[in-house]
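The data blocks that follow each hold one structure.
Look for chain A in each of the two complexes below; its partner is chain B in the first and chain C in the second.
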Partner chain A sequence: MSAPTAAPAAGPVPARWPRLARPDPVALMALPAFAYLAAAYGWPLLVLLGHSLSGPDGISLAPFARFLSDPFSWRVIGNTVRSALLVTLVCLLAGYPAAIALARARGVVQALLLLSVILPLSVGVVVKAYAWQIVLRRDGVVSQALVGLGIWDAPQRLLFTETGLVIGAANVFLPFMILPIYAVIRLIDPRLSEAAATLGASPVRRFLTVTLPLTLPGIVSGVAFVFSLAVSMYVVPSLVIGDRYQTLATLTGRAFLFLRDEQLGSTTAVILLALAVAVVVGSTALARRLGGGGLS
Partner chain B sequence: MSDPRLPDPGFLAITGAEKRFGTSAVLGGVDLAVARGEFVSLLGPSGCGKTTLLRIVAGLVAADRGRVVLDGRDISRTPPHRRDVGVVFQNYALFPHLTVAENVAFGLKAKGHPRAGIAGTVSRFLDLVQMTAFADRRAQALSGGQQQRVAVARALAVQPKLLLLDEPFSALDRKLREAMQIDLKRLLRELGITALFVTHDQDEALTMSDRIAVMNRGAIEQLADPVTLYRRPASAFALGFVGLSTRIPGLVQEEGDGMLRVETALGTVRAPGRFRPGSPVLLGVRPERIRLVREEPGLGANTVEAALVEVAFQGARAHLFFAGPDGDRTLLVEAPEIPAGAAPGVRLRLSWAVEDTLVFPAEPALRQAA
Partner chain C sequence: MPSFSPDRRSVLRGAATLGALVAAPGILRAQTRELVVGGAAGHKAWVEEIVVPAFERKHGAKVIFEGTRSLVNLEKMQKNRDRPYLSVVQMDDPVMILAIKEGLLDPLTPARVPNLAALIPGTVHMDGMWANYLQPWLGIAYNTEAMRQAPTSWADPYDPAYKGRVILPSLQNTEGLANLFVAAALATGRSLDAAQRDVEPGFRKLAALKPNLLTVYTQQPQAYNLLEQGEAWMISSAMSSYALERKAAGAPIGLAAPKEGVFAMPSGVAVVKGGPQPDLAFAYVDMLLGAELQQRLVGPTFSLPTNRAVPRPAGLPSDLVVHQIDWATVARERDGWIKRWDREMAI
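Moving on, here comes the complex of A and B:
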């Protein structure tokens, strides 16, 4: 073998494959996950979409028109978006400081904090929802505590209220806000905040002009995570608030399981999916724009 | 504490600075006074406490004890953003989400300078460090040397009373480093900036400083101008840390009139100093002070014979390594050129003036550390 041909990988290889069809080894690594998702998720999704668009005379947008013309439907959509936004907001306000604490902590403290964020993920959402039923009752811990503190005059029931739903759901989804923000903060050089201090920036100014802009990509992905989870939550509203408060997810479940109305179920499911996809795509685009050189 | 005889006894005065991290003492009561416009280096090996001292002055670390006074104001308890102390960090710490111009403007905005004047100040300081062409670039898109210049402009733009520099050249390659040292020194002199500079690089310290504080184990071993530090190191550690030297352990035989006769592995050596006979001492000689001689020189000189081991040609000069007291290459002579017949194995006669022999008390631990 002569020397020039000994290292075929080094130079440009004469293309036997057409440029677009040439197998990319990196892309191949994503193949198993892609194949699984295509079979287990993509195909059913197509079937669902087909259901929602099929009328008696073939393809039709009539099911959407019928659903969207009903004021009840708009209340359901309103419930869905409002509860998801409230849950996301609560998670952000509680999760951001927690993520900073997690990133600043060292050694055993950090390990314990990280454990306390991740461990609750291993407790099933049904268990948590039932636990919240007990906590939020009229004679539950929250009510007793608020009366004991003199904030409430008499015991009240938080169970079966939207407030109760938001509190319970925020508990379930909080780790999905903390972890992406923590991952970004960990990569930020602590010298940046010190440099800002030596340049005369007060702690508040340092936060607003250095820490916050640099953590925005983490905030955006945390918001995308929690919003898309909260907008489609099913178990928590079912157990904490019940049938009187319908969201797109619970309505989809009712349509398939109790009403046996596949048309309605497919329609609400597609609307829900469109909402979630819009938020995820929008926030990813936002993260890309804001994150342009956000991390060193 | 101010002495009226001196024009500016302590523009920056650090007194009794102490710091422990857990059980280990990082600084053990350091005093340091820096005059207005002076450039003082903190020179020492890693872990000697120099960076901690710098961070205490900046207000980024709280000292356990001690005071920091800047321009007559006690800033020991002042938070960093109210200290008027600028810092150039080792990794520059430029804001990655801002452009070069925005980085330089950051401090001006934070200090509430009138908006109208900021652009002018920014372009003036970018001009000073020759970075005007890069004003709209992101900080990350710059090379190490460019980032360093932006970091200097950013720190100077707010016109701090004191500039602290934490090993700002360590990430640059040698040629660039030497050029930037000269540039920076000239810039600081022109602006009359008082600077405290942390480095572990002796050449850097010798090149740039008005005075150098040699630090070891949380204390300042010697504070002196570069020439004095090189010619008259105050301790065996300072001798070893600044410049090259031959180090010869020995025992004092006799002392008279401030002149010692010391018994060493190379023979009897005379040195100026006062030690009791029988004391173990460490002798030091700078390589350029030793000459190769043919005949026995006069009384004012020490003469030894040693075997040449290796010759290292360095362009402008040559380093000759001889078998010395501690092993094969421990006796170093710097000669202007390679002498004729200098082949490994040849025994040559070496001589240096008695007053060029430095004497320190032998401290085995210190000798190891250096």
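Moving on, here comes the complex of A and C:
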């Protein structure tokens, strides 16, 4: 009958704590990256959050309320989300078949295909944006081709339109869709699809019930990559569509660099971050639900 | 057996050499007076070719020109407020106003800068806090191959014939402000000077320009790229210092001075408060404002002189009206204007 100690309170804990008490040594390998991100990303993020929440009378949500009560802000948010979704969609539609082709190719052809995906990453965004300016002009290649094919009656300009922005941005971000999907497809056992074929599944059914669910993790990472890059793109919109199409990223830039309004800049930056996180987390959850049914 | 045994003489000799080495930079510094001038990177060429040699010859002092951007110069002044190392700054007028708010500038006085008296009206600002040594001017740049006739009026870009062919600078760019004043004048029939005081009608007028817009730029080189390639036919408004330089380089463009007059763009010079070598600093400013130097600068900078004694560059109409922009109002109102502009001009 000794005096009660903290022991009873610790009773239910041991079942969960020992695992943390003896960390997997492999986890230590993540330490350098973790430390770097904590210093270079985590801390500034906290400062940013602090800025966005600090009003003249201490902590308040007023800056967010003010920003979100303005119809123009919703237009900016709409531009940001719509353009990012469209870019992601175009990248997915163009990137998925490309990833399959890349995974199926062999030898020199595969090396060439891989090179053609990776090499464009070494060309600066500004250079690409300037190139699109020439391609998307009224007398540019795209316009001439569409007129030549009889799709357009007269030359039109795609430059400085939302369509032009999506085309240009999709070009910049396409590798970030192809590579994760390719990485997943490479790991899929081709016999699975063959087995489905021997059981009489049509090619469409084989794709929908075997290949697509198996590649879902790759699609999710590709979508997460491309969406988070596209939602925050700054150089491409400022050169390909210009000052008349504000997104959260360009507005954040203007707030910090020109208006010198840190409050506005941190508010828009936090909303932008929240949007990106929501889509990345949401698509992962969605994939888990869909993939869970398909895989198990 | 050779050995090292220092005698008294060699030790003394060594000490003397060492002493001289330590003292030398100080002695040299005392002999050569240095003046550090902060300015724009784009100005480096003509400052170092024309201004610096002239100044060094006359005053026997060395000039170091740090070419960056106006806002960077402001930051350098803020960060070194207690021990300024810049003596003179050449910055855009809107940034001068920010520097004055922070108390970073020393006023120019006629006693220390005699050439102030020789300047045209409207070029000395806020009781002599800074002066304009040159004025690039704003007109309408046009593609000479696409347009047979040069534009003659600020109303020309509104002509429906130019659907999708007109580029405007963003209101964020200093050269973009003119459009707001022009639009206000066109909407109300007032003069360009009076229109600056009430820009409200200007926003409505600008919205009428939207069908004609190719784009609104923040990056000047991109706009000129489009103009030179013929995708755009006009940039309204365009800076002489950029447009005429491109023209001189062989680009198929011209710069028209509309009949309503042109706007003067700011190129200000000021003395840093508490900066080193104040006498040299004021002498530098005085030289920039003087007729002799301005005469040599108007050509290479494609700008208007501010000294009355210097004639305007050739090719401009003799009765050309040059409108000054009220930078104090601009500094006060600009953020609100930009936010409004984003709304009104959005695609």
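The working rule: the second predicted complex is superposed on the first by the 260 of 296 C-alpha atoms of A that agree within 3 Å, B and C clash if a C-alpha of one lies under 4 Å from a C-alpha of the other, contacts with A are read in each partner's own complex, and residues count from 1 in each chain.
The definition used in the following text is that contacts are C-beta pairs under 8 Å (C-beta built on N, C-alpha and C of every residue); 3 or more make two chains touch, one makes a residue touch a chain.
These numbers come from a predicted model, not from an experiment.
After superposition onto chain A, the partners chain B and chain C occupy separate space and fit alongside each other. After overlaying the two complexes on the shared chain, residue contacts for A:133 are found with chain C alone; chain B is out of touch. By the touch criterion defined above, A:72 reaches chain C but does not reach chain B.
By the touch criterion defined above, A:172 reaches neither chain B nor chain C. When the shared chain is aligned, chain C comes close enough to touch A:242, but chain B does not. Applying the stated contact rule after C-alpha superposition, one finds that A:210 touches chain B and leaves chain C untouched.
Of the two partner chains placed around the shared chain by superposition, chain B is the only one that A:197 touches, whereas chain C remains out of contact. In the superposed model, A:181 makes contact with neither chain B nor chain C. No C-alpha atom of chain B lies closer than 47 Å to any C-alpha atom of chain C in the overlay.
Only residues 189, 191-192, 194-203, 205-206, 209-210, 213-214, 293-296 of chain A touch chain B when the two sit together in their complex. Across the complex, chain C meets chain A through its residues 164, 170, 172, 213-219, 222, 225-226, 229, 231, 335, 338, 342-343, 345-347.
Across the complex, chain A is touched by residues 58-60, 79-83, 85-87, 89, 91, 93-97, 106-107, 110-111, 138, 140, 154-155, 158 of chain B. Looking at the complex, you find that chain A touches chain C at residues 72, 75, 130, 133-134, 137-139, 157, 159-162, 238-239, 241-246, 254, 258-259, 261.
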